[in-house]
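By written order: A, B, C and D. Residues from 1 in each chain.
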Amino acid sequence: MKKGIKVVTIGGGSSYTPELIDGFLKRYHELPVEELWLVDCEEGKNKLEIIEKLARRMIKKAGVPIKLFTTLNRREALKKADFVTTQLRVGLLDARIADERIPLSHGMLGQETNGAGGLFKALRTVPVILDICKDIEELCPNAWLINFTNPVGIITEAVNRYSNIKKVVGLCNVPINMHKAVAEILNEEEKNVRISFGGLNHMGYVTGVYANGEDKTEYVLSKWGNQSMQNISGTEWSNAFVKELGAIPSPYLRYYYMAKESLEEAIEKFKVNGTRAESVKGIEKDLFEIYKDESIDEKPKLLEKRGGAYYSDAACNLIASIYNDKRDIQVVNTVNKGVMQEFEYDEVVEITSMITKNGPIPMPIGRLPKAAKGLVQEIKSFEIAAAEAAVSGDYNKALLAMMINPLVHSQRYGKIVLDELLEAHKEHLPQFYRY
Amino acid sequence: MKKGIKVVTIGGGSSYTPELIDGFLKRYHELPVEELWLVDCEEGKNKLEIIEKLARRMIKKAGVPIKLFTTLNRREALKKADFVTTQLRVGLLDARIADERIPLSHGMLGQETNGAGGLFKALRTVPVILDICKDIEELCPNAWLINFTNPVGIITEAVNRYSNIKKVVGLCNVPINMHKAVAEILNEEEKNVRISFGGLNHMGYVTGVYANGEDKTEYVLSKWGNQSMQNISGTEWSNAFVKELGAIPSPYLRYYYMAKESLEEAIEKFKVNGTRAESVKGIEKDLFEIYKDESIDEKPKLLEKRGGAYYSDAACNLIASIYNDKRDIQVVNTVNKGVMQEFEYDEVVEITSMITKNGPIPMPIGRLPKAAKGLVQEIKSFEIAAAEAAVSGDYNKALLAMMINPLVHSQRYGKIVLDELLEAHKEHLPQFYRY
Amino acid sequence: MKKGIKVVTIGGGSSYTPELIDGFLKRYHELPVEELWLVDCEEGKNKLEIIEKLARRMIKKAGVPIKLFTTLNRREALKKADFVTTQLRVGLLDARIADERIPLSHGMLGQETNGAGGLFKALRTVPVILDICKDIEELCPNAWLINFTNPVGIITEAVNRYSNIKKVVGLCNVPINMHKAVAEILNEEEKNVRISFGGLNHMGYVTGVYANGEDKTEYVLSKWGNQSMQNISGTEWSNAFVKELGAIPSPYLRYYYMAKESLEEAIEKFKVNGTRAESVKGIEKDLFEIYKDESIDEKPKLLEKRGGAYYSDAACNLIASIYNDKRDIQVVNTVNKGVMQEFEYDEVVEITSMITKNGPIPMPIGRLPKAAKGLVQEIKSFEIAAAEAAVSGDYNKALLAMMINPLVHSQRYGKIVLDELLEAHKEHLPQFYRY
Amino acid sequence: MKKGIKVVTIGGGSSYTPELIDGFLKRYHELPVEELWLVDCEEGKNKLEIIEKLARRMIKKAGVPIKLFTTLNRREALKKADFVTTQLRVGLLDARIADERIPLSHGMLGQETNGAGGLFKALRTVPVILDICKDIEELCPNAWLINFTNPVGIITEAVNRYSNIKKVVGLCNVPINMHKAVAEILNEEEKNVRISFGGLNHMGYVTGVYANGEDKTEYVLSKWGNQSMQNISGTEWSNAFVKELGAIPSPYLRYYYMAKESLEEAIEKFKVNGTRAESVKGIEKDLFEIYKDESIDEKPKLLEKRGGAYYSDAACNLIASIYNDKRDIQVVNTVNKGVMQEFEYDEVVEITSMITKNGPIPMPIGRLPKAAKGLVQEIKSFEIAAAEAAVSGDYNKALLAMMINPLVHSQRYGKIVLDELLEAHKEHLPQFYRY
């Protein structure tokens, strides 16, 4: 008999949490969550309370015996957990504003998962996640850590390098959206379509498409060229480029292959609307107003506009597959184990995997296009340099990470942006200010 | 008894030729050139005549029995040649002006060996070089082809992929200048200093420095940070970056690690002085005025300002080492043969090599920094895409090469610049206009 | 609606066929075989008739609407087949006698899948299988070829290299038996145990064992040391060796790690009982007597003693998984696709795979022990040399294959055995006697 | 001004020493040895005295100012040494007798560098060499260690793995003899012939032959097939095999590719003459009788029959090249540095190298034949297991090394021979008898 499951969600006051709750409720028949702990920090206390009340209404409506707990005491929550999910944001959205605003103000892309902004989100977040890992090691050593805190690639790489936790999976909704888009092109149900996806988080490629036992890769390549995502809308891929490349690039790759226009658009938007972080702040405010409404007892529609749709649901799905040893196929961030020859044996990749009780098993996805190999390796070396800088607090390592990132590729401005961001995030970067 | 040597120089009317002549004269004791053929095309006839007269004065002064021939008939010249050097410029400096001006006018680096400009120089030059290879195969199958036509990396890769010529070496003066700079830092004579150099043409790194049997790498890394080159002057490397990187980057790498400032400076200069090609055109005019002066019978000093100093001398040096099976150490562009794990077995790299009668043997140079591996592979995939586009005349391949180059990384502007350059160079790109 | 399936079994007169029939009958609910064609050659006609009658009795008893056909005309049978299984034996058991007897008579292991005997079975069989592939390409291009003709590794490698058939899977019962043995040690049901298996056919290793989500590898390694298989019984593994090696070797690896004692035992047995082939001939005679018995209408127990137990059942299982896109885990011979770093990207390996409608997807199994890597690569190079020799009929290639096989490793005796076997199998080796 | 050189020879009482002395005398003009220290242990005292007197006569005759010292105190000798050569034999020839006799008596090749005998020579020698390394680190940290104690491959690998000494080169005379044989086939002087040699000690292959700038590989492969070496005489290679293999195997490879006949011959010889060690003992006795003869003042001719001809001369040659930064080409045992893709980056290989003041730089030798790759990797894993066993004294590791060696490949006899050799060498294997 399987015992009921204890799930701990760190960053439980996040606006995403209702989707997570919804995901657990939908899956209760196969994933009997007995205890769900929502943990947040002092600054998030107010939001946590709102979420708690909504969650209680949702659980009540669903009529399932999930026990809900909220706490600001992480260690109390972690005891004997089976699954720990992390969706935290060190410094809240105000920090993200700086990550976007400072690079943009020096003519550089400002974005929370790539380039200078992504680097700084990693510098702030990695130490916190590694602390959580130490707590897990002590308090719930058999738990799975499901991370969907960005930048997921760097965080998962850092956990793998610098903690003793081996049961960690990083999760992103991009591959799910690409899967959906591929199925749409094929006019097929998603479940009949299988994709081979490989690369890094926010830097992956669909290398193969199969439907009902047939290889549809060439067909989909010939049709690709106007897909977009809600939060990276805009310019479309040239179909000639996609065909010649021989793989479908993740929408986030427009930051690279369309770096110049991405930057121009970002600067344009920035001038008109301020940063994306500021818009999100507005959306979040609206969301929490809705969450407060006592008549609401399910996940509100508006949440899907938030940008991270399917993220939390993907987490529930992953947890259900691990718990039930489903051996189904999902795209996750996990250790390469030699499967992608483009990366080292022990590096974390984002890859089509089979999900088992022992975690994800990455599957061969063919070779990446020759034309993509260098770029993904460049970003992997950036991820590693970023993780090293985050752990060591070494200025020079941070400068290296900055300068080798192709969205920065500047010594003069790299240094300026580095210095300004270090100053702006001083409070959340104690490792750089130890002396 | 070794027979006298026949050397054929294609592009003999180049302003660099006097240095080449000087190189052969200096080395006559070990490199007994019996026949030197200078070949040029109709457009270069006038310059070829000026060079011929100067060359005759130089040979006469040196008092060596080198027989000089000039011709516009390449096939006549190639018969039974021992060494063929190529220093040609398809479309002359006017083509270079377009390579620089068009990208710059769309806010993109315009430069003749990197980015969009480098791509187009390759598209024009590769087919001509492959034609020369066919002639060599037929008329002097045992000859060595010494190419110092830019972009040397792409040209040498293309010869290796698309011709039957195996005796080919690509040559660049950058490693020589880095060797000199390293020796200067160490306050040692060059001959006592050995460097390990590896990577691609204009994208190499010094990974090790040895003087008198001691490893001086750490010392030189700790001092590097204000080297510059005559034709890529400007911003200096941050020593913190160089130390953290763990290898000395080629000065040309500033186009990547300092892309933003390089571009700004280039645009600034462009506004004030026009393109570099236009300046060079002026220098060349002055040079040919000097060359015409019948009192001049040696290589003029001014030539050293031309930018390619040591280039032609390096060619003579390489030829002397092959001819005499010297087994000395030079940095050349040659097939990797598995030595650099960062590249495929058969890819062309720029690497420290031992020069033998059978050509260069690449030597192990250690691993490139993790942080450099992705970038060099990205550029190698660009080089291969460029060579494919040059040979096939396929628009989509050219677009791929354009978009994956990190100095372009734009779909919108990549396409605009591609279209404008195709139009500007129409005459020299017949492979793209076959239908 | 899924249409009924057409299965063609080449070598249908084999004594294994009743197990195959049994496998299809058991799985009819998920694998609705509409037509089952048993094909054999003139020499097998008599046995085919006996099998046919037994099969009809079995089908009748099971009460399922499978239509049975028998024919000596392979091409007639193949038309529009969905699955083709091959279980043929070129030259019948008499050829196997020579494969065993000749090497043994020169003090060399004589065995039908390894060493000199394995080489000759490959030389005879590969051309026949490649002919079948040509027929498949023409008559049923969408069919899956499921090969369990030995030597499975060489055959599958040859199909992959020398035919246009991509839908091919090689199958062996050894991994199934190892899975059973592991489960037994753990005192668990097989379905709760997952193994990581990798290497080559008859040269594989279990690199990991998982039960109910826990890694039990160390435990099983500490217990291994007295497993044996019915047809390779005998000396037991030293547990010290297995633990130090760090992986569980396939029972067939005793031919290598216990080469001397295997040879001694084989010679001993040979002296007493003659070859294994001769014993099998006896068993087969008994089996066919039973098959003739009209009161028998199910698979006889004795068949399990035949040595290939689970072989045919494994084939049915594989077919059911492909047909139903089950995505379950089986160990098969398939293209590496880069998953095992010990082999080239395109080499065939025997490996834990997920079975889908598009065929097997190999899964990462960790690294083989350092101490095993050289041996498996040596055998892979033997397999490739054997396939080349089989296709070309080149004597020198056959000599190379012979001499590099560690069970031969003799020039003098290698040549003698090669010459004697070529002579003995003359009739079935036309490619060596073309002139 | 270069200072005079201090050379220390450990095992100075060896019968090889006169050749070493001769080598230094011949090269005095380029290698001004100021002090030569011959070190031996108590058991070798008598032989050391004989050698000393002969050496003094040789030096006197040559008329060079080399100061000769002999001592039993290794640490006294090592102070400030520039070069340390090791040619020691732990347990003297009596130990070798056991290494040969015990395996042979169980029907297994008994040989001092391969198989069981090679393993035990390594188990005895590695700890002694590692002790010497510790002394070098303390007393002459800048010295080069030139090891020609067998098994050279394992010893050099062990020094590289388990000591802090980086300046180590392993040396063998086999490549020199192959070079000579190749030159003979080409009817050329050795200096005009260059070979590419790669693999492991006693397991190398000539992959390329060049004479006067031409590739003569195919020609030499077509002629190879009757070369032999004095101490591994006997059966000749089949030319068909060599051509098909595509590289010239080292004579020692007959132990593998002609394992059966090598064993038969060895057993035959053993029955008639006893072990090779016993013959060598006789030769050595004769040699020392000659050495005692006061009229002898140069290297006696008979020494060339000893089997290790050119060994000591090769050492002098190597030392001269390091000392003078000659950058000439020699085959040595050194760290791969990624040059041979068949081995790991840090593994020791025997390879064509350029000899510089910083030691050997391995050169690309092309790929080994596919058919050789597995075998050399198998032996490399044996070497590593042997080194691990030697350092740890772990019985199971020794058993692993034994069983994976293709000249043993037996569990039953492997264990018997292991146990008997452990017992026979008890005195020299304290690491296995610590408890």
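Assume contacts are C-beta pairs under 8 Å (C-beta built on N, C-alpha and C of every residue); 3 or more make two chains touch, one makes a residue touch a chain.
From a predicted model like this one, the values you see are computed outputs, not experimental measurements.
Distance from the centre of subunit B peaks at C, each centre being the average of the chain's Cα atoms. In this assembly, the C-alpha centroid of subunit B lies 45 Å from the C-alpha centroid of subunit D. The mean-CA centres of subunit B and subunit C are about 57 angstrom from one another, to the nearest whole unit.
Residues of subunit C in contact with two or more other chains: none.
Chain contacts here close into one cycle, and each chain has exactly two touching partners. Listed by chain label, the pairs that touch are A-B, A-C, B-D, C-D.
Within the complex, the subunit C residues that touch subunit A are 194, 210, 212-215, 325, 327-329, 337-341, 345, 354, 356-358, 361-364, 366-367.
In the complex of the two chains, the subunit D residues touching subunit C come out as 107-108, 235, 237-238, 240-241, 243-245, 256-261, 370-382, 384-385, 395-397, 399-400, 403-404, 406, 409-413, 415.
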